[in-house]
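Working notes for the structure below.
Order as written gives the chain letters A, B, C and D; numbering starts at 1 within each chain.
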Amino acid sequence: MDRRKIVPLLSPAILLIVLLLVPVFISQPYVLHVLIVMGINITLATSLRFIATVGQFSLAHAGMVSIGAYSSALLVIKLGLSFWAALPLAGLTAMSIAFLVGSPFVRLKGIYFTMVTLFLTEFITLLVTEWRNLTGGVQGIISIPRPNAIVLPGLLNLTFASKVDFYYLALAMVGFTLISLYAIESSRIGIAFSSVRQSEALAESIGVNSAGFRILAFSLGCFFAGIAGAFYGHYFSAIAPGSFGFLLSINVFIYMVVGGLRRFAGPIIGAIILTLIPELARAFKEYEPFVFAAILLVVIFFLREGLISLPVLFRKRRAPR
Amino acid sequence: MIEQNILNGLMSGWIYILVALGLTLVLSIVGIVQLAHGEVYMIGAYTVYCFCVVLGLNFFLSLLISILLVGLLGVVLERFFLRPFRDDVEGAIVSTIALILILQTAVVGIAGVGYKEIPSPIQGVLTILGARLSWERLIAILASMVLVSALLIFIEKTRTGQAMIAVSENREAAALQGINVNRVSSVAMFMGCGLAAAAGALTGAIFDLTPFMGGFALMKGIGVIIVGGLGSIPGAIIAGLILGLVDGVVTALFSVQVASITGLIVIILILLFRPQGLFGHG
Amino acid sequence: MMKRLSLISLMVMLVCGLTLSICAKESSAAPPTAETKTLKIGVMSNLTGPISTAAIPHTRGTQVAVDWINSKGGITIKGQKYLIEPVIEDVKETVDTAITAVTKLVELHKVKFAVGLIGPTQILPVTSLTEQAKVIRSLWHGEGHPKELSADTPYTFRVSVIPRDFIVPLLKYQVKTYPEVKKISMLFIENPGAAPLFERTKKVAEALGLTVLGLYVYPVSTRDFYPLVTKVMASNPDAIITDGLPHLAGGTLKAARELGFKGPIINLAPTCPNVVLKIAGKPFADNFIVGAPDVYSPKMTPMIKTVRTMLLDKYKEVTWDYIRGFDPTWWMIQAIEKAQSLDPTDVAKTWEKMDRIEATTGIGKMGGQQSYGINHVGVIPFAITRMVNGELEHVGWFTPDIP
Amino acid sequence: MATLQITGLTKYFGGLAAVHEIDFDVNRGELVGLIGPNGAGKTTMFSLITGSLRPTRGKVVFNGKDITGQKPHLIAKVGVVRTFQATTLFSQYTVLENVIAACHLESKISFWEAALHTPSSRRSEEAILSRASDIVHFVGLEACKDQPAGSLPHGYKRVLGIAVSMAAGPQLLLLDEPLSGMNVEEVDRTVALIKRIWERGTTILLIEHNMRAAMNLCQRIVVLQMGKKIAEGTPEMIKANREVIQAYLGSGKNAP
């Protein structure tokens, strides 16, 4: 391999090493916890952006997280499946439901699609609240078992008793999500998505099946939402319908936009920063929402392209000199 | 009992209509789903509380003041938080969400989270063909009818009203005809927020006030405008009554939960099979 | 893309550093001095979102309890003086936010004693967390869920009266006051405790010779009670049993009276009667019985009067929700002082054996061995208040029997 | 023989007919013009042929295959590609990317191959890149191939529109007023371009207002008025046809 190939791979390699070593330097469980939550949010925000690349804004993510969380919890508790089997199944459940409801939904354009997804979330929440004998009603499901331990003698020993193990699981989840979504987006499928977003008429005139790609994007995005949901359930070991409402959908949406949804890295930055803000702003007690709102406004007014565009701006500043 | 249920339904229906009309005005003219509409409704209620209870003014006077003040607040909000995001969905969502947080937290800070109640302007209960109804509920229904007809007349009879229709049909074309779109937007927001404030105040006299009463109103409002059709006033009225009756009657026949599920199913079916709504065009 | 990746890596590192620094800053609170040390008490409170309506008053009650104890020079353990420092964390609305906040309290602030939490779905997940960490937690509130307080929760205590424990006195009083009432319907909030509460109430009611017509459950978000009450009245009961929060109870009462329901309405929840009265409005506030004290009544205990004035001075308003936040902290401090130790296990051992503890409502003791399988429930005198044509009447103090 | 056969094609909007009982053929390798005053239903015809509108009545047959009312992307796949009157482009893409996006229609790579970036998919990516740059070269946009399409001058946008449609590998190309809003030498260049495309063996049906251009480009011309076909024939015949002259004088513009 010549240098041109190696050099660009360097910074992600460094990043990976840093991330792998985090638990060595940071033993504080609370910090690890925040990082894990961050991982969940990154997964959600990135997958939501993936749906947005075909030009449709979904507020169904909370509903899909809920479906993922419940299906994996129920599969493990009621059917005694292993977490490692339940995790992908949860994703697939969310994906297939997204596909079924998505097929009629994608006919709806713009704000209509957003609205129907919003009500879809409401509907799912109501359903899991009322289907008591299966979902445990308002209380939801408590004491969801941890993931089954992975033990390779001498090599690694993940028992998921500590936050460290969950940190690595979250890291794996995020890695998997980012790599797959980036791979798809950078392939010709991504180009098709983007062409549908930019001009549906033109895309169809050159043979792009826009409806098909909308459904594809929606279901794939929801797959990862489902995965995140399953992780949520087994990490927090408790789920309740109230946790997956309108608010969650909106938060994920905000992570995406504040980070900047034109770039792949945008939602990642958004999720990282906005997961930290509430933690840092706890000191404000009742007035914490002000801080959050302030950040939203600053971004939306002065950084329309999202936080991700900050470095670009600086580069622009420096350019003339 | 059925007439009682229908009456219950009508009452909630009219409140939904007030909320939804405001929402649909803003949506069709400013072109934004004003997610903080629920908070405007809440602030309307608190303003009346302030004038009626704290300063001891007459209820109806305070209602009027509140409609005007909140309307003006609406104009300000439109200018600074909505207008910049006319043509981008995601920007509008984020800025209105920020508004929700700001308004809610502000009210928590000023009025506190404690329970507030606006005393009913006229005490007592009256019986209409076997169904019972408290005066403040009757007032809510009548006031809503008056406000809605006032709105209809305004839109039909005044030039601004016609301008609003023009803008809602096609903003660019309207602008070319020399209509001042910004002014029309301000007017729309003024009226929209005024209606929301009225709805909040009227419900405030019936129920209690909390800084978090907005979310409920918002969801109902969005539901109504979807069923009725974006930008359609008769649609909003019919849809509001439909959803109100669902809440009134289905609750009494089955349960609150079944009622809310039914409402959602209605909304989703409409979205799927008639996305432009019952009365929407195109 | 690679440029962007390197940017992210930078960001991530920066962010980690930031978090660390913040945590470092927060964990190093009020440095202990030679003569007095500080004892941190975790306060888990829903400071934002709808539940804050009930939780903020509880938080203020706790704050006043701490002020009051500190004003008396804090507590002395083995000759060492300690001032209490409340560490308030916002658990918000959902399970994850609750777990985040509690993790912070336990891991970062290293609190060994905590009070609080109201969010119905948050209580159980948080319990398992605090139990694992061996942190003593004094509940503000209870849903009456069987898992909430049991032999498996040696570090969790509850001293505030919840509906489940006050059914007997209330229904007995109802039977005495309204002998004509034979059939009752129940109208409960849809929360984890609803089903068990219904079962228990049914048992008690039938033991008292009442017929239970049915249970009607409504979501906590309900505002308009006309349809609901119309439905309940269709089953035509002589009395309606509710467990509502102030605004829900008030709404129910008002709707029922407007719709022409004459019979008594009994609210099992310790809901502030003054608020209910305000929301329902004088003309409708009749034949309403609630298991909670009228905090403004002259018949209140001296302690309640003291707390009342302290709260009024500090926050300009008082409801029962405020005063209710006082006892959980006060009891815990008493237990710590009695145990003369800061080790949760010792304190728990001592606390569950205490047979005389001061409460705002009078002298109480620990109980619940039989009914809960663990002696972690405060048995204290509690008030019944009745509304008769727009006036509050303090019926008296009743001590529930919690074997 | 006829590549495109249109028989009795009719479209009603509400009550009134936008297009009424139109039949005409386009033979393989022909360059046919579709002219007529504003509102004659020319663009509606394109929408009907390419499936973005469903006809009320009538048939569209392409290479003996009935494609009436099929989904636009399927019709494009069989080789019928249109351009748009408005400059419809992927405006966030550069010129080259626009063409690449269109080329992807050709590549026969499955979802998994693409997502997993298999060698075969990489190879096809490279093939596409070279093909795209060929097309950009062919239409003469090389100079600005890395400019975002949104920022191009109007004339270039139209040309890029044609390039995009070419990249989709059409057998029949439907050009909707390719010359509108162009200055003189742009018109000449574009006319030359269309000729070159045609000479490569692509059958072309084009709507044009600019009569002079239409006349010297097209072998055969179909004239529409008020949704009806009023004339068909060689440019000379059309020039002579009184009904056509009437129609244009009636509509008062672009008389031939």
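Everything that follows uses one rule, which is that a contact is a pair of C-beta atoms (placed from the backbone, for glycine too) under 8 Å apart; a residue touches a chain by one contact, two chains touch by 3 or more.
Just so it is clear, the model here is predicted, and its values are computed rather than measured.
Where touching is counted per the definition, chain A and chain D have no chain in common.
Inter-chain contacts peak for the pair A-C, counting C-beta pairs in contact. Ranked by distance of CA centroids from chain C, the top chain is D.
If each chain is reduced to the centroid of its CA atoms, chain A and chain B end up 33 Å from each other. Centroids built from CA atoms put chain C at 35 Å from chain A.
With centres set at the average Cα position, the gap from chain C to chain D is 73 Å. Centre-to-centre, using mean CA coordinates, chain B is 49 Å away from chain D. Chain C has residues 48, 52, 56, 190, 219 in contact with two or more other chains.
Touching of two or more other chains is recorded for residues 105, 108, 257, 260 of chain B.
Every pair of chains meeting the touch criterion is listed here: A-B, A-C, A-D, B-C. Contacts from chain C toward chain A in the complex involve residues 1-2, 4-9, 11-13, 15-16, 18-20, 22-23, 47-48, 52, 56, 88-90, 93-96, 99-101, 103-104, 107-108, 120-121, 124-125, 128, 145, 147, 190-192, 219. By the touch criterion given at the top, residues 33, 84-85, 89-91, 93-95, 97-99, 101-102, 104-105, 108-109, 215, 219, 222-223, 226, 257, 260-261, 264-265, 267-268, 271-272, 275 of chain B touch chain A in their complex. Only residues 1, 4-5, 8-9, 11-12, 105, 108, 112-115, 117, 119-120, 123-125, 132-134, 137, 203, 206-208, 210, 212-213, 216, 247-249, 251-253, 255-257, 259-260 of chain B touch chain C when the two sit together in their complex. Chain D meets chain A in the complex at residues 50, 52, 71-74, 76-77, 81-84, 88-93, 97, 100-102, 104-105, 107, 109, 111, 114-117, 121, 125, 164-165, 167-168. Across the interface of their complex, chain C is touched by residues 8-9, 11-12, 14-15, 18-19, 22, 26, 28-31, 33-35, 37, 129, 137-140, 142-143, 182, 186, 232, 236-240, 242-243, 247-248, 263-265, 268-269, 272-273, 276, 279-280, 282, 285-286, 288-289, 308, 311 of chain A.
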